[in-house]
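Each of the two complexes below includes chain A, the first together with chain B, the second together with chain C.
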Partner chain A sequence: MNIRFDKLGVVIAAISAYAAFAAPFATFRANRIVPGQARSILEALPATTGTLLLVTIVVAALIALFKTPLVLRLAASVAALAALALLIGVAGTFLTPAGNTFARVSPASGFWILIFAFTLLLADVLTRLNLSPLARVGVLVVAALTIGLLLISGSWDNLSILKEYFNRADSFWAEGSKHVTLALGSLAAAVIVGLPLGILCHRVENLRAGVLNVLNIIQTIPSIALFGLLIAPLGWVAAHVPGAAALGIRGIGTAPAFVALFLYSLLPVVANTVVGLAGVPRAANDAARGMGMTDRQRLFGVEFPLAFPVILTGIRIVLVQNIGLATIAALIGGGGFGVFVFQGVGQTAMDLVLLGAVPTVALAFAAAIILDAVIEMTATRRRVETA
Partner chain B sequence: MIEIEGITKRYDATTVVDDVSMVIEPRTIAVIVGTSGSGKTTLLRMINRLVEPTSGIIKLDGADNRSLPGYELRRSIGYAIQGHGLFPHRTVAQNIATVPVLLGWDKDRIKARVDELMTLYQLDPEAFGPRYPHELSGGQQQRVGVARALAAEPNVLLMDEPFGALDPIIRAKAQEDLLAIQKRFGTTIILVTHDMEEAVHMGDKIAVMDAGKLVQYAKPAEILAKPASAFVETLVGASERPFRLLSLGRVRDAMEKGSAEGEAIPGDASQRDALAELLWSGRPALPVTGADGKPIGRVTVDGLVKRAARPA
Partner chain C sequence: MKAWLPSLLRLALVMLLVAFVTNPGWFEPLLKPLTENNAPVIYNQGSLLTLTLLHLRTVLIATVAATIVAVALAILVTRPAGAEFLPLSRSLVNIGQTFPPVAVLALAVPAVGFGEKPTLIALFLYGLLPIFENALTGLTTLPANVVEAARGAGMTGWQRLTKVELPLSAPIILGGIRLSVVISLATATIGSTVAAKTLGEVIIAGLLSNNLAFILQGGLIVAALAVLIYDGLSAIERYTARRMGRGAE
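For the complex of A and B:
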């Protein structure tokens, strides 16, 4: 039997070799602001554990390197990721001097590259397994539960990002819920306004170009500039419209952040509604009219169901975009995970930046997977049922 | 009965349909023929008011078609189009049930009607009912499209090039099916096509349209024998004329006494088929068989050639 290499595996093996042997696994700092000292895997872990991790990585990389069965590759990637996740916590405990609350241990480039390499392997395996949409959501749930368990078990408690979390546990959840409320609330508002607007643009041809152009222009305004532009009008509204201030409308804070996210969300929702409705087969539309459907029956019975997957794609774009953009709301006092990012930048405390960035990325990632699955299910439902 | 009286449709300066009047007898098939842009589809769509005429009146069984709201009128008129226009997100059964659902029939009645139509169109309700249109062949999709148009038992069926997308063999079968069903339900059918062959084959009467005007409205034999203008003559096709004329008649009607050798032809085949068979096999005469398969006479080349000549 001749030995054959896996193309992606070559890349994975190369970067994991570099990350395991040449790059630092963890960083140790005497306190949260001073520059850190790099620690390799063997320095960051007790001798036997460190050797075991190296062996695991080498074996998993070899499995990735050659053409091997999918099940074996799946096992290798899961084992490597699990070992890395568990042992970075062990490194945290091992490197922190007993009783020292100022010392910080954080994952270093080697760790992140290894996580990247084996996540790549896992993603490749999952793609090749051609999982159904529900199964993909299932994988996401299992991954989220695993991470949750690791967090609850306390095995990561000695890592710097969690130490930052313990200092801000209350505000973390408050900002988190503000972040989600901003992203989802502006999405909901955009759907409530954008769907009818899209339908109107579809029906009234003269309106289409104008509306889409205006939304396009809004989309090109940089977010910080848009926040700035909104301060004056919203401040005026707060000062002059009775009751507006009582509703929390002010020149800075949540209101302009909400309005800006809403404006950014409109283009994808309206544009995808227009494209989706335009994609409805002419003959189906003609038949619907010819058989005596009223305009409303045709809209809800034929046009809308057929355009739905495309509209949902727009909503997916908006949700992922909003989760990321909501970070910037912190700049004008809108709250959200961005608060930690900007505080961290101000204090040159990278761990605090990560405390804001990591949950944001995780949220966006999860939202993308879930909505992709929903889109695929609505688009293929008619095929799956009879397959 | 459908009475079209002085119907005109203008879009800005262009007149698409120009003062057309015609009467379509109940339980017959009227075929509207013309080139693209002749206004035939617009004329058809004005009958169920998908297009509103600029002037003129259309009466269905004596009642002005504007006495009902457009959508209610359309529910009482069958409508089948080229490319069938089935709803891709609904099953075959749901597609056929469209108009009965709009009319608020109860579930059992809808199911009974859908099953009846599917059986009529040789589609097993159990097997095909839950399928989606994209899982059917082109011919099956077309049959579902016509079944859907007939679902609410309309007296009138409008068809816009319903067989346009089918290959010749499936198309011939679909035409035969439609003729059989028209006979069974007594539906008045108005069919738009650009294919004179189809018009001669299907129509009790043929309306020829050119540049928005109704040029000639007559029985197929008369259109073939006495084309009203050079345009109709071109449309009929000078080289095809004798054969189209023969295709209107049955072998039984051209039968002579006597017998002949070789393979027989059934009495209800068309005279054109008989002539083709005679020419192809190089025989002077064919035996003709009755419904029971027994020989009842013969048909000859000479006899058919006489019938193919321009009528006096």
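For the complex of A and C:
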């Protein structure tokens, strides 16, 4: 029989072997800021469970190593990820001495590398399966539900990141909603202003280069500086325009963060609107004109629907970028998940950093997958309609 | 618009920038109205010139490393031997793009400690993506007839890569580097939240002590650097694009 290796599988098998046998699986610390002690899989878990996890990892890595059917690879990656997710919680309970509320257990490098390795395998399988947009959103929903169930079931309650969460559950949701409001609100404002501006730039050629250049220059101003710079004008507005302060406009806080995110969002929206409208086939426009459509009918009935996928791509860029940038708002008192990141950096409490960083990454990731699916669906519909 | 006007503006900006970082005292009267209670006007816990140079050095090291790795990776996955990795690397780049720089920066700290190192790692990782994406675009959208002609002329794979494929993709790769540098210049300022010596230090000092003059000078220096470097790299890009007969975007 001819045994063939899978190239990616070699990489996955090598790093998971290192992570499972040479790297620490979990870190134990007597309290939240002292340096931790490494624990391997067999030290971090009850003997049978630990052995079971090692066997699961080895089998999954072997399936990845050889050329095996896609379904088997899918099952292997899902099984390995599920085992890891479930058992890191068990490790938390196992390593925490009974009744000790100061001890902290967090996932260590070995755990993260294993997660990375099998996510890589899963990503490879999903890429090769060439899933439809709806199926991809479905996978995302299933993954989110699984993580949600694990959180609700309390099996992760003894992990350090969740202990940080329990200490500030209220502010977590408050900052979270502030984060989402900032990212989505500035996106909405950018779409409301950017779409008409883009249409105007498309129609009036003299305006195009000027507007796009100014927006381009705004993009090159570093976020932290733009946030800071807006403190001055907004502070002035708050002090001198009657009623502005009552609306919540202040020099520091949410207002400058909102304006900064809005300014960053304009370029992708305007530029993609211009590109999308320019890409409308001349034949479609001519036909619409020949049918006696007015300019306005042509815009809403022909040009806009045809340019929609490109405009959506701009919106996707903005949304993912805004979710990331909103973390910086915390530096100027604007709130958001960045609050935990910067607090954690300040206290060298890495689990607190994770409490801010993990939801941010998850949000950005989910937004990217969902919008990618929507873009693909509108684009295929367009192709079917114009075919 | 007259053709010389942008060049004149750029020259003026360069001179202003150099004057500001070497002799910030000259500009003290301009920034004075922004401070309250006799707070210092010019950043006084380090020289602006040193911070600017350190800032540029950090960005330079990260960008050079990111360019080497990203271009090498892009070459690897566009060869027959690495073709298997192409779809996966595409989705990885897509996923990587969703990681916010602040998160990367903060998560690098436990691994390497505070200071310049986490900043370099964050800049390197974040800079990889645009360069890799552009290098991939450049190497996969080469005109088929040119590649065929090179093969027909009896060039080896290595010769085709270094004499045909890379030079032809150079403008697009440069575009990725430009994007990466501009992102890095901005992200490097955030590096100061983990104690890296960059211009972010000035901005953060301003944010902490409510000193607008500090924020403005830190922000303006970085913005001016970004605009100038963006401009300079765009010019190089247009030049190589003209030489390669490939229209710039």
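In this section, the second predicted complex is superposed on the first by the 381 of 387 C-alpha atoms of A that agree within 3 Å, B and C clash if a C-alpha of one lies under 4 Å from a C-alpha of the other, contacts with A are read in each partner's own complex, and residues count from 1 in each chain.
Methods note: contacts are C-beta pairs under 8 Å (C-beta built on N, C-alpha and C of every residue); 3 or more make two chains touch, one makes a residue touch a chain.
These numbers were taken from a predicted model, which means no experiment stands behind them.
Novice: A:A368 in the overlay: touching chain B, chain C, both, or neither? Say first, second, both or neither.
Specialist: second
Novice: Please work out whether A:L306 is in contact with chain B alone, chain C alone, both, or neither, and reply first, second, both or neither.
Specialist: In the superposed model, A:L306 contacts chain B only, not chain C.
Novice: Given the touch rule stated above, what does A:A47 touch, chain B (first), chain C (second), both, or neither?
Specialist: After superposing on A, A:A47 lies clear of both chain B and chain C.
Novice: On the superposed three-chain arrangement, identify whether chain B or chain C touches more chain A residues.
Specialist: For chain A, the partner with the higher number of touched residues is C.
Novice: May I ask you to decide whether A:P281 touches chain B, chain C, both, or neither, giving the answer as first, second, both or neither?
Specialist: first
Novice: Which partner does A:M291 reach: the first (chain B), the second (chain C), both, or neither?
Specialist: A:M291 contacts chain B only, not chain C.
Novice: I'd like to know which partner A:Q219 touches here: chain B for first, chain C for second, both or neither.
Specialist: In the superposition, A:Q219 contacts chain C only.
Novice: If I apply the document's touch criterion, which positions on chain A are contacted by chain B in one structure and by chain C in the other?
Specialist: On chain A, the chain B and chain C contacts do not overlap at all.
Novice: Please name which positions on chain A make contact with chain B in the complex.
Specialist: Touch residues, chain A against chain B: 281, 283-294, 297, 302, 305-306, 382-383, 385-386.
Novice: Would you pull the chain B residues touching chain A in the complex into a rising list?
Specialist: It is residues 48, 50, 71-76, 79, 81-89, 98-99, 102, 130-132, 134-135, 145, 148-149, 158 of chain B that touch chain A.
Novice: Could you please specify the touching residues of chain A with respect to chain C in the complex?
Specialist: Checking each residue of chain A against chain C gives 7-8, 120, 123-124, 126-128, 217, 219-226, 228-229, 231-232, 320, 323-325, 327-328, 331-332, 338, 341-342, 344-345, 348, 350, 353-354, 356-357, 360-361, 364-365, 367-368, 372.
Novice: Inside the complex, what are the residues of chain C that reach chain A?
Specialist: Contact set of chain C toward chain A: 34, 82, 84-85, 87-88, 90-92, 94-95, 97-103, 106-107, 109-110, 182, 185-187, 189-190, 193-194, 200, 203-204, 206-207, 212, 215-216, 218-220, 222-223, 226-227, 230.
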